[in-house]
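Take a look at the following structure, please.
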Amino acid sequence: SDDKDDDASSNPGGGNKPTYTIGFQGGLTGKNAQLGINEANGVKLAIEQANAKGDLPFKLEVKTSDDEASPDKSQSAAQKLIDDGNVVAVVGPAFSGPTKAASPNYAAAKLATLTPSATNPSLTAPANKFTALLRGTPNDNMQGSGMATYYAKKLKLKTVLLIDDKSEYGIGLAAVAKADLEKAGITVKTESIPQGTPDYTAAATTVKNSGADGMIYAGYYQDGAPFAKKLKEAGVSIPMISGDGTNDPEFIKLAGAAADNWYLTCPCADANVEEATKKFAADYKAKFNEPAGTYSAESFDLANMIIEQMKTFGAEKITREALLNKLKAAEYKGLTKSFKFDQNGEYVGGAIFLYQVKAGKIEYLGDIDKLSAA
Amino acid sequence: MSKAPAANGDASTAKPLLELRDLQVFYGAIQALKGIDVTVREGEIVTLLGANGAGKTTTLRTISGLLTPRAGEIRYGGERIDGVPAHHVVSLGIGQSPEGRRVFPMMTVTDNLLMGAYRFKKVPQSDLDRVFELFPRLKERRSQLAGTLSGGEQQMLAIGRAMMGRPRLLLLDEPSMGLAPLIVAQIFSIIKEINAGGTTVLLVEQNAAQALKLSDRAYVLETGSVLVSGTGEQLLADPRVREAYLGEGAGG
Amino acid sequence: MSSVTTKTREPEASFSATSLAKLRHKPWYKSDAFRRLVMCVLLGVLFTIMTGEQAGDDVFYSLNDSLTNWPWLGTWVAVAVGIWALITFHSYLLGNPALSPVHKVIKDATAEVKKVTPVLGRREVKWPLIIALVVVLALLPTWVSGFWNQVMVNEIAVYVLLAIGLNVVVGWAGLLDLGFIAFFAIGAYSAAYWTGKLPVSPPVELTPFLVIPVAVLTCLVAGVLLGAPTLRLRGDYLAIVTLGFHEIIYLLATNADEFTNGPAGVQGVPHPTLDLGFWSYEWTTTDLEQYWWMIMVIAGILIFLFLRLEHSKVGRAWTAIREDEVAAAANGVNTVKYKLMAFAIGASTSGIAGVVMASKVQFVSPASFELMFSVLVLAYVIFGGMGSIWGVMLGTAFLAWLPQILKDYVDEQDRHMYLGAILVIMMIFRPQGLIPSRRRKRELNLAKEGLGDADAMTEPVGGRVS
Amino acid sequence: MNLNEFWDYLIPGISLGALYAVIAIGYTLVYGVLQLINFAHSEVFMVGAFAALLVFTKIEPSNPSGLMSVGLVALGFAVSGLAGAGTAFALEKVAYKPLRVRNAPRLAFLISAIGASFFLTHIAGKLFGRDPKPIPDLFVNKKVFEIFGARVSVLQLIMVGAAIVMMIGLDLLVNRTKMGMGIRAVAQDAETAGLMGVDINKVISRTFVIGGLLGGCAGFLFGLNSQVTYTMGFFPGITAFAAAVLGGIGNIRGAMIGGMVLGIVESFSAWQFGDEWRYVSAFAVLILVLMFRPTGILGERLGRTA
Amino acid sequence: MSNNTVIKQRSAESDTATPVIAVRGVTLRFGGLVCLSDVELTLNRGEILAVIGPNGAGKTSLFNSLTGVYVPQEGSITLNSANGSTHALLGQKTHVVNKLGLARTFQNIRLFGALTALENVKIAAETRQRTGPVSIMLGLPNARRAERASDRRAHNLMEFVGLGDKINELASSLSYGDQRRLEIARALATDPQVLLLDEPAAGTNPTEKLELAELIRHINAELGISVLLIEHDMRLVMSVAHRVTVLNFGKVIASGTTAEVQRDPAVVEAYLGAEMAAEMLDAQAQEEE
């Protein structure tokens, strides 16, 4: 549903400006609801701030649509946005599965969807004809290979244990990492430790007994944190690396000291270094009384990217198709990274950055390729 | 079987222990009792007779608080007790052996008996002994699960269990149902014995001939109303009763 | 308490007129009116929390916020007390609830309905009505927005199909099935397999319509495979086994990546096509009504077939098994056969729904088959009124529609909270469901009188035998 | 299969099994008395965990050890147990009693239970946030013991110890006290129990309270072992219910055995086949056992039989 | 439409030579408890055999063993059909036993309460029909024909047991005595050779008992069905049974004609009691006069 606070932030300029809506589709209930909520909030914040600035030639609203992270609920969630003639572009869908289910509908409606987090590589395959989908994030291939590179080149490990969480995200990431690790001549052992495992003690024992000298965890922080705790208890001290699903302050909050020394990758630049991101974090916390979470900032960026393109229309009426075409060609420098798409809607560029948890803080180490080359 | 001294003479003058006045009970829209009056005096054995569905069980269940009458009253020792919930009625000294025995199948015989004394904080061994004395069969089987007892044994247990609550008034619902002839005879003599020990008994029976022989007075119910009432002998002699409830050629 | 003391027994429980009076009349704090008041106030507080702020990082935030938000809290509590007062004074003032105008309105209304029902049952009224209903339903998608079109197909119609199937298992045969969505999954994966979209390729590729019979067959077999070893189980034992079966199927879909592509799912299941030689038709992503009509036809056929079953030898045998399995067997009913039949029919219906879903969404992944959905379909069926096809259809439509319409009124994240509350309230006030079947209603009435169980699912394990 | 690993996996299996057992008892007790799957029991468990979370978030213990830790853990049990008991009590009054009074069909109870479960889950999500939250450390000393070369953490000892104490206590309560006898009697024949002077409503309430108490404590332990979320009840709930059935639903000792078996099976299957096959193995074992023993390992006990 | 068209009639003459059911050396145990021990029993074609004995003697368990509800550990149970074939019943499924020709009633009435009286009977009658779910779903003519046939048969049977006017009442709303009759009608609908009645008179009053005795004789004489009867009411037993077998603690302690059995001291001691025995002898003497 629409956010109640929207009216509060309505422009002072008055009545005759047109109103446009930016949609958001993601899982607000169901499994991993928190991720969807993080993203929705990012979008809401962007729109509130844009309206508040008062320099827009139009008024903006936001419309969220919950797909419960389920593919079969995705089409109707998408349709809700498609039906609303005011919706000119959509941030989302958040998850790859729902993205696959709904993209044909968006394509037919020529409604731009900029996903901040659907990372499954196959989404941008031209054969899909997902012509309205623009991926605002490097896909799993890039992160997975980043991890592999670091282990192979920098740490020079022999055997790596690769663990996925049986989520779509986790297995995607793991598959790529596996291929790249093997390419680098590293022996790979794989395990799956699904989300919501009731007790990670057995899993930690498995890691301990595996004989690997490095571990990759492809999953989210909700599961990574208790796992990290048990790993620490088990006395596992090999290098551990995880992706953007874990790269979140919550990880440290949940795992406590057990998070120390974990490497975390992310296609996103350090969210804490720059002034702008600090302001974002503060504003977010102020509005939603919780710190910005995974993908909040990316969603914020994508919403702003849309708004920026909308501004280029000036007084002209904004149509979906026109906006879609502009977005396809656009380039935008956000808080987290620069956004640009190739002809398939795939994210272009995308360095992967490495972080490490040290004494309860996520510290920025640098561009993973550069680090590995060094 | 010792002939217990007939209490007829003084019972008729004893003060009433239980009085039902114009009792009306409904199951939803169905009226099961259409205003019955029954009196049980201290020390008596009173029998309720009647065909299936006449309302005998309903009467007992209303007395013990499982059903609430829509009209009329129940007086016990002179005080109204209708509307008192079942688990409090027991503590007034009204014990019941329900239709179909209803022993707790997964409890031992002893535990079943102790359940009968649930209202007491402590149960004296003598109470158990008294029941075991009445029913030696139960003593043999005291640690057997009640569900595995035979029908007759279960019936004994149900009566024994009711006795454990030291009732002043004992309600027995068809204690002879489904029992072998030998056991039926036993049960009746035990009822007599219990009564001789000072417990007033309200008995519901299909087995009219035997019940009437044993009781001081009796009521015949028919579709929720009292049809005839009188002393045991009177009813045994009543042609209507003889025809409907004793069948032809019933021994007397 | 299996120990026994030898001390003298308690003094005989004594009772006096006053103590008895106390027992006969509840003290004020136990009175219905007072309890209702407490309940209303608590509900007021609860409602304040329900409509309060979403907590985030700080676990106390929402609690502090709603319980110190006096105007808001006060309003809700006042409303609650107001409602209480209305109810209480209403019945006090009138003394006799029968005098209440509300009561009268309800009574009149039911009387009217009772007058109308037999008329509705008459042939010359019934058929025109049914035809009118079908026409309205068929035209429905052309009147509503694309969103509701999607909802009608993906969320409502597919689940209505499922509910029709589950009704056979639970409503008619009385087998408590908590894993029904497993067959839905099998249907959907069959569609993906036979259209060549799974990592493993099929011997021949089929179009979705041709997959339907194959999926029906597959589910039939799966239903029998599940049914056969579990037939000795009753009630809740069966429930947990079916639930386990669901989990196993779900986890196989998730874990057996080589066959199912795991959690990533498979994409591109084609839309159905119809080729009659002289005329061919292809369903598309954008023609939403077409799917609605297709499901209407499928549901129509199923209803046509199943309605016959209910009042036939088969339906009666199911009822017999449901009520008393030993007695049924003793009268020659082959309980195994009929139970398997129910499982198989239910499973195949579910399979059809799976194929439809797969080709509509064109994407199949385990996420559509979570345990929660099994629980939900069961809730739909019971909510609608087990055993009555019309009831379960209505119940499903309502409960599947509800979360969608709630989107416009409450925080999307909170929808399940309201759904849960509605389920509880509904079961309190209408435990038999929206439109219970006649037989089920009778069973319920019998249960109310203490003669047997309303759903005939409490037969002691192993059965009564005498 | 080397023997060291065997112990390595057995021990977490036992501690997890102990938790399942404690939750399973809640199901079994309620089932025994009301013949009802208390689907919302998993939310009682969740509420217990949140209660502990709230208290410890307020207290913010810093580096507790020694007696302090003991006190905190005891506090955790008290708070979570009370919260669980309270929730279960309210649940019975709101979601079940009205149906009981109306003599509703049993499946209506199931749906009411499911509704209550949804409601509690999501109101907790709203009230406490939807992100997982950690219970602060209650003992810095995570000293690990070794048994047969396998590690045993303090928390595991607490889990198993608490479970054993609760199980023994409950077993005594049900089999040795007057209240327990009342519970058993109501389970077997409620109406007749009433005729014996048992207040049926009170017994039912108490049963819920006891089950809730155990469930709440289990929630606390579970939260301590990992973290607290509004959806945390669902899977442990399902597994514990399976455990109750596996042992013979209605049978308290059966619930204990069932819980243990499932905990160990899960752990061993994590070892042998991988963590993703945990539940598959657990349910496969459940189905197999029920095929050969349709009334569970120990059969029904509290409940009625023919 | 007369009964004969639907209810098959068998030759009513009591052919005492051929046993319909032969129970040989049957032993049934529950754990340590021996419920039936080496039981021998023969039911001859056309006969009414009463099985009596104290509570818990194993009478109902014997019925359960005959009908496949229980599977005795030892012994054999054979059914000799009217058409000359013989079947081993031990270990057969309940519904198979029923198909072979054994129908029963239950000690505690077990009707399908939410169905009408007629439907109760139809269910049983339909187990003899071959129509499958597919033809029913499609409404094929054979399914309709079958439906009509079972309807007719059920009507006739209801008429036969004297419930012709209660066809559309709910089974649960019938009076106790009528429910007993309905159970019998339902059992008859499966067209049995042998009818097993478990305490059909329990909880009925003397008048109803007389009517019941009449019905049992009717079933035996008119339909030619052999009857195995468990009953505690000695008057009923004596008035209908041709022979009596007495069980005690799972063993057969006596077997013979009614007169023989009531004089048997073991039976008197274990079951009848001296008083009852004397009473019965009296009654019999009166009747003979």
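Each chain gets a letter, A, B, C, D and E, in the order it is written, and its residues are counted from 1.
To be clear about the criterion, a residue touches a chain if its C-beta (ideal position, glycine included) is under 8 Å from a C-beta of that chain, and two chains touch if they have at least 3 such contacts.
Here the structure is a predicted model, which means the values were calculated and not measured.
*Asks:* Starting from the defined contact criterion, work out which chains touch subunit C and subunit E both, please.
*Replies:* Correct list: B.
*Asks:* Identify the chains in contact with subunit A as well as subunit D, in label order.
*Replies:* Shared contacts of subunit A and subunit D: C.
*Asks:* Whose C-alpha centre lies nearest the centre of all protein C-alpha atoms?
*Replies:* Of all chains shown, the one whose C-alpha centroid lies nearest the global centroid is C.
*Asks:* Taking each chain's centre as the mean of its C-alpha atoms, which one ends up farthest from the centre of subunit C?
*Replies:* Between subunit C and the rest, the longest centre separation is with B.
*Asks:* Using only Cα atoms to place each chain's centre, name the chain farthest from subunit E.
*Replies:* So the chain farthest away from subunit E turns out to be A.
*Asks:* What pair of chains has the most C-beta pairs in contact?
*Replies:* The largest set of C-beta contacts joins the chains C-D.
*Asks:* Can you work out the whole-Å distance between the CA centroids of subunit A and subunit C?
*Replies:* A distance of 36 Å separates the two centres.
*Asks:* So the centre of each chain is just the mean of its C-alpha atoms; given that, what is the distance between subunit D and subunit E in Å?
*Replies:* Averaging C-alpha atoms per chain gives centres 49 Å apart.
*Asks:* Averaging over Cα atoms per chain, report the distance between subunit B and subunit E in Å.
*Replies:* Roughly 32 Å separates the two chain centres.
*Asks:* CA centre of subunit A versus CA centre of subunit E: separation in Å?
*Replies:* Taking the average C-alpha coordinate of subunit A and of subunit E, the gap between them is 74 Å.
*Asks:* Going by the contact rule already set, what residues in subunit B reach two or more other chains?
*Replies:* 85, 88, 91, 111, 114, 119
*Asks:* I need the residues of subunit D touching at least two other chains; which ones are they?
*Replies:* Those would be 122, 125, 129-131, 133, 178, 181, 276, 303-306.
*Asks:* Residue numbers in subunit C touching 2 or more other chains?
*Replies:* 1-2, 55-58, 61, 254-255, 411, 413, 415-416, 440, 443, 448, 463-466
*Asks:* Who touches whom among the chains?
*Replies:* Touch list across chains, by label: A-C, A-D, B-C, B-D, B-E, C-D, C-E.
*Asks:* So in the complex, which bits of subunit A are touching subunit C?
*Replies:* 1, 28-29, 31, 33, 37, 64-66, 69-76, 78-80, 82-83, 96-97, 100-101, 104-105, 108, 120, 122, 128, 166-168, 170-172, 192, 194, 285, 288-291
*Asks:* Could you list, by residue number, the parts of subunit D that touch subunit A in their complex?
*Replies:* 5, 8-9, 11-13, 15-16, 122, 125, 129-134, 137, 142, 144, 151, 153, 156, 222, 225-227, 229, 235-236, 239, 266-267, 270-271, 274-276, 278
*Asks:* Subunit C touches which residues of subunit D in the complex?
*Replies:* Those in contact with subunit C are residues 31, 35, 37, 50, 53-54, 57-58, 94-95, 98-99, 102-112, 114-123, 125-131, 133, 175-178, 180-181, 238, 241-242, 245, 249, 276-277, 279-280, 283-284, 286-287, 290-291, 294-296, 299-300, 303-306.
*Asks:* Any idea which subunit C residues touch subunit B in the complex?
*Replies:* 1-2, 4-10, 12-13, 15-17, 20, 23-25, 448-449
*Asks:* Considering only the defined contacts, which subunit E positions touch subunit B in the complex?
*Replies:* That would be residues 33, 52-57, 107, 175-177, 199, 202-210, 232, 234-235, 270-273, 275-276, 279, 282-283, 286 of subunit E.
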